[in-house]
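What follows is a short report on a single structure.
Naming follows writing order (A, B and C), and every chain is counted from residue 1.
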Amino acid sequence: MSVEFVNPEFEVIRNDNRCIACRVCERQCANEVHLFDPDRGIILSDESKCVNCQRCVSLCPTRALKIVKNECRLRENANWSDSTIKEIYKQANSGGVLLSSMGNPNPLPVYWDKILINASQVTNPSIDPLREPMETKVFLGKKPDKITRNEDGSLNCELLTQLELSMPVMFSAMSYGSISYNAHASLARASKELGIFYNTGEGGLHEDFYCYGENTIVQVASGRFGVYEDYLEAGAAVEIKMGQGAKPGIGGHLPGAKIVGDVSRTRMIPEGSDAISPAPHHDIYSIEDLRQLVFSLKEATEYKKPIIVKVAAVHNIAAIASGIARSGADIIAIDGFRGGTGAAPTRIRDNVGIPIELALASVDQRLRDEGIRNNVSLVVGGSIRSASDVVKAIALGADACYIATAAVLALGCHLCRTCQTGKCNWGIATQRPELVKRLNPDMGAERLVNLMTAWQHEIKELMGGMGINSIESLRGNRLMLRGIGLTEKELEILGISHAGE
Amino acid sequence: MKRVYVNEEWCLGCHLCEYNCAFANSGEIDMSKALKGKPVFPRVKIDGDEHINFAVSCRHCDDPICVKSCISGALSVNNGVIQIDHNKCVKCLTCILVCPYGAVSEGEHGIVQKCELCVENSCGEPACVKGCPNRAIVYEER
Amino acid sequence: MKQYVIIGNGIAAAGCIEGIRSVDADSQIIVVSEEKHPVYCRPLISYYLEGKTDLERMKYRSNDCYEKMNCDVIYGRKAVKLDKDEKSVVLDDGTSIPYNAVCVAAGSSPFVPPFAGIDTVKKKFSFMTIDDTLALESAINKKSKVLIIGAGLIGLNCAEGLKDRVADITVCDLADRVLSSILDNECAKLMQDRIEENGISFMLSDSVERFDGNTAYMKSGKTVSFDVLVLAVGVRANTALVKDAEGSVNRGIIVNTKMQTSIKNVYAAGDCTEGHDITFGQKRVIAILPNAYMQGKCAGINMAGGKAVFDNAIPMNSIGFFGLHAMTAGTYYGEAEGGEMYEEKSKGTLKRMFTRNGLLTGYIMIGKTERAGIYTSLIREQTKLDTINFDLLKQVPTFSAFSSEERKKKFGGAL
């Protein structure tokens, strides 16, 4: 082997006593790790191609396979880890920018795990969600500051346009192109069944999915791909994407090879052309410019649809959010630095942006301080992993959460973090027909509905424990949270007391 | 009556149905023991080409030509399930000659076999359906 | 209440009974059975000799099938007259059985040419029925030398059945090849070779001039000495009942697609009939078991007032000798008749597909016969070959040669 050799990350362990050489692993691996040797009647493995997506492990009928970390490690030290050294090798080999997928994998603080939830004891009794009604419904959009009355003295019940969610969770933006047709079909069908929303991302809306418009948020991003009147009309809300948690400050790039057939038609760009979303919106250099786009979109949709502005959580997020809240937008979506992506430069993904917990707490506080919290609803994303993360986010001040990584996990993603190769063995992050068909939307939608139903039950349990029977009463109720192992400064930003206080 | 159907849109051609079928009808409790190092003789078979795949097994026709053609009376319909009595079968293969679906085949030692919807083994429901990773094979009323 | 009479107790009769009962659960059914056995599978008699089945397992239906179907069977009696005016069937003991509808399923009988000196042969047998078989079985021993006249299906089946039970078998036939009715020269040679490899001798393009005791003097001048003679020259459809009643008869009883004969309320099914062969375009006797059952069932349903049509009969055979299996179906048109042939050959296998006017009309597959039914159904359904990818299909019996819609039809619902 030469200097170019990079030791494979994983090892394929096959239990020869169990393997029946059925070749399922061989047929299922788009990376071509497994190969049947007809002469010896056995299956060989080339682990250098393995990304540990576990497709073969999951489908092996005799459980003969396991994928383990390659124990053949480089001589690491605290400064130069195995992966750091290998990155150097790879760049020395290729001369290229390193690409990665999904969220930041580094051991940076996950504040959700350092926040604990309260429960009622003795006073303010807890509520049993199996016996008593529990409300998880939320409305997203601008709320009035005060009660107003009509001329005849009756209450004015008219709200500006709102999104009604059966529970405070939505599927966040993943474009058709970055994920497959069947993944979109699953998200759309599940959203409809659940009474929530999914988001087109910057890939346009496939004609087959216009029928799910009532549960669709259509995105307008810097490349404006797939945006036209019918598209804006089709959705229940329009989202302006300013940034993404996994790659704040940069645009997107879907290579021409993936712009084929329906993807090209849906994005409204020629087949084979690279879809490059610029880093900024070239017409937005200020909050005033943003306001123009917000109102352009409101004009285009006759003020019937809420406008969402999505930004990545970055250093001065509170000030940015304050500006957005004054721009006429109805909803602010903030994406934390652990949010996933179909492809991002590794350095950006792993080093740019801030945790969503801190961003959320500071934004909510800032908007309250400025008396404009009711101008907007807050939706947060960037690795919301469970019902308890949702509950903590709501208590920190969010109106709802965006989930994407959890959703694709439900669809079968095994977080191998190689979406950028387009060879997703689970049929999610790929456009190859033979791989796309591996995701049957009947199963996909069902699994998403299962996941959300389970979360909804858990949210109700947690709320009941706190003696709260409506999710609205939890929003911004930071008294329900305590920090553990956090510094004074962290507690101050999160606006919560330490456990025991 | 419930039958096994395949939706070729979702069939991956992974061939798991074949192995699950062969295992279910092997009488063994361990798949490796049942199938390792031997040729398998499934009653469901993947047909197709590089673009499209579909598992083919007995359709359990309402008016089955195989039963009508069986020269030994070994094939019969029991509660809608077409079954073969190996004791009577003389391996004349007339069923293979007439089955329009190519769903009858010669198994181990030339024994004539076909899908019996797993009613004769301990699988409980058709093994091909149970093991299909993409719900391409379903067992339902149509 | 009606009364149905079925003349014959073979597969066509079984089909007829099951056909009637699918429509009419109550009326009387009377079966006239010349043989003293409940319905059994005649083609199994050679398997019986080989020891691959036994008398019990040869029964086509369960022991209580007649009770279950509520039928009366008159064993050991022969129908001698069909009285179409009286609407009755007269048996050989003079009994007259009235009918509302009758099905003639009288089968066929072995045809024995008038060989000179045939009377001097003591041990001579036909090979059609259980009784023939049992008689033959009792006449042979390990040292027997058997001469079989006829290298058709019956003769060869008999030869294979006797193979391990006698010392020597010779099969002779006037034709220049074995299985001349279903195989062409080259295919026949493949089968013949396999049979010869297993120790059976042939004398083809030759026939017996005369017998003298245990010696056959052949036209070629050769002589064959034997202990046991099996006559398997051919069969003749039993048409007399209908012919005598002035019904239309050719080589078999003429039936339409409802299995009606030219006489009102008289139906016919099975080997005694002559029906339309869709690959041949004419009526012919198709004396094969599947046909018998399907005709019988169709007749039964119509007799009982139901509506059934059997209009896609084709000749087809699945035969194997000493492990070499052959399947054939339909008609093989030569180039002179506008036919085309596709051929695949490898060691021990042979496949020939015969097409004409955009249809598959017949095929021969030897050695490799998997999924042959797909081809058979192309013939039966008269599938237009330009609607499918026949170039692929003729090589591989795969449904990817059909369109997705067609597959949906075939596999998408109850059939």
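Note that in this section contacts are C-beta pairs under 8 Å (C-beta built on N, C-alpha and C of every residue); 3 or more make two chains touch, one makes a residue touch a chain.
Owing to the predicted nature of the structure, the values given are computational and were not obtained by experimental measurement.
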For chain B and chain C, chains touching each: none
Chain whose mean Cα position lies farthest from chain C: A
Chain occupying the middle, per Cα centroid: B
Centroid distance [mean C-alpha coordinates] between chain C and chain B, Å: 29
Intercentroid distance (Cα basis), chain C paired with chain A, Å: 70
Euclidean distance of C-alpha centroids - chain A vs chain B, Å: 43
In chain C, residues with contacts to at least two other chains: none
Complex contacts: residues of chain C adjacent to chain B: 15, 41, 43-44, 47, 52-53, 57-61, 289-290, 293-294, 297, 316-320, 325, 327, 329, 369-374, 376-377, 380-381, 397-400, 404, 407, 410-415
Of chain B, residues touching chain C in the complex: 1, 3, 5-6, 8, 47-49, 52, 54, 56, 59, 61-63, 65, 68-69, 71-73, 87-88, 90-102, 104-106, 142
Residues of chain B defined as touching chain A within the complex: 9-10, 12-16, 19-20, 23, 31-32, 35-37, 40, 51, 131, 133-136
In the complex, chain A residues that touch chain B: 17-20, 22-24, 27-28, 41, 58-59, 61-62, 64, 433-434, 437-440, 442-443
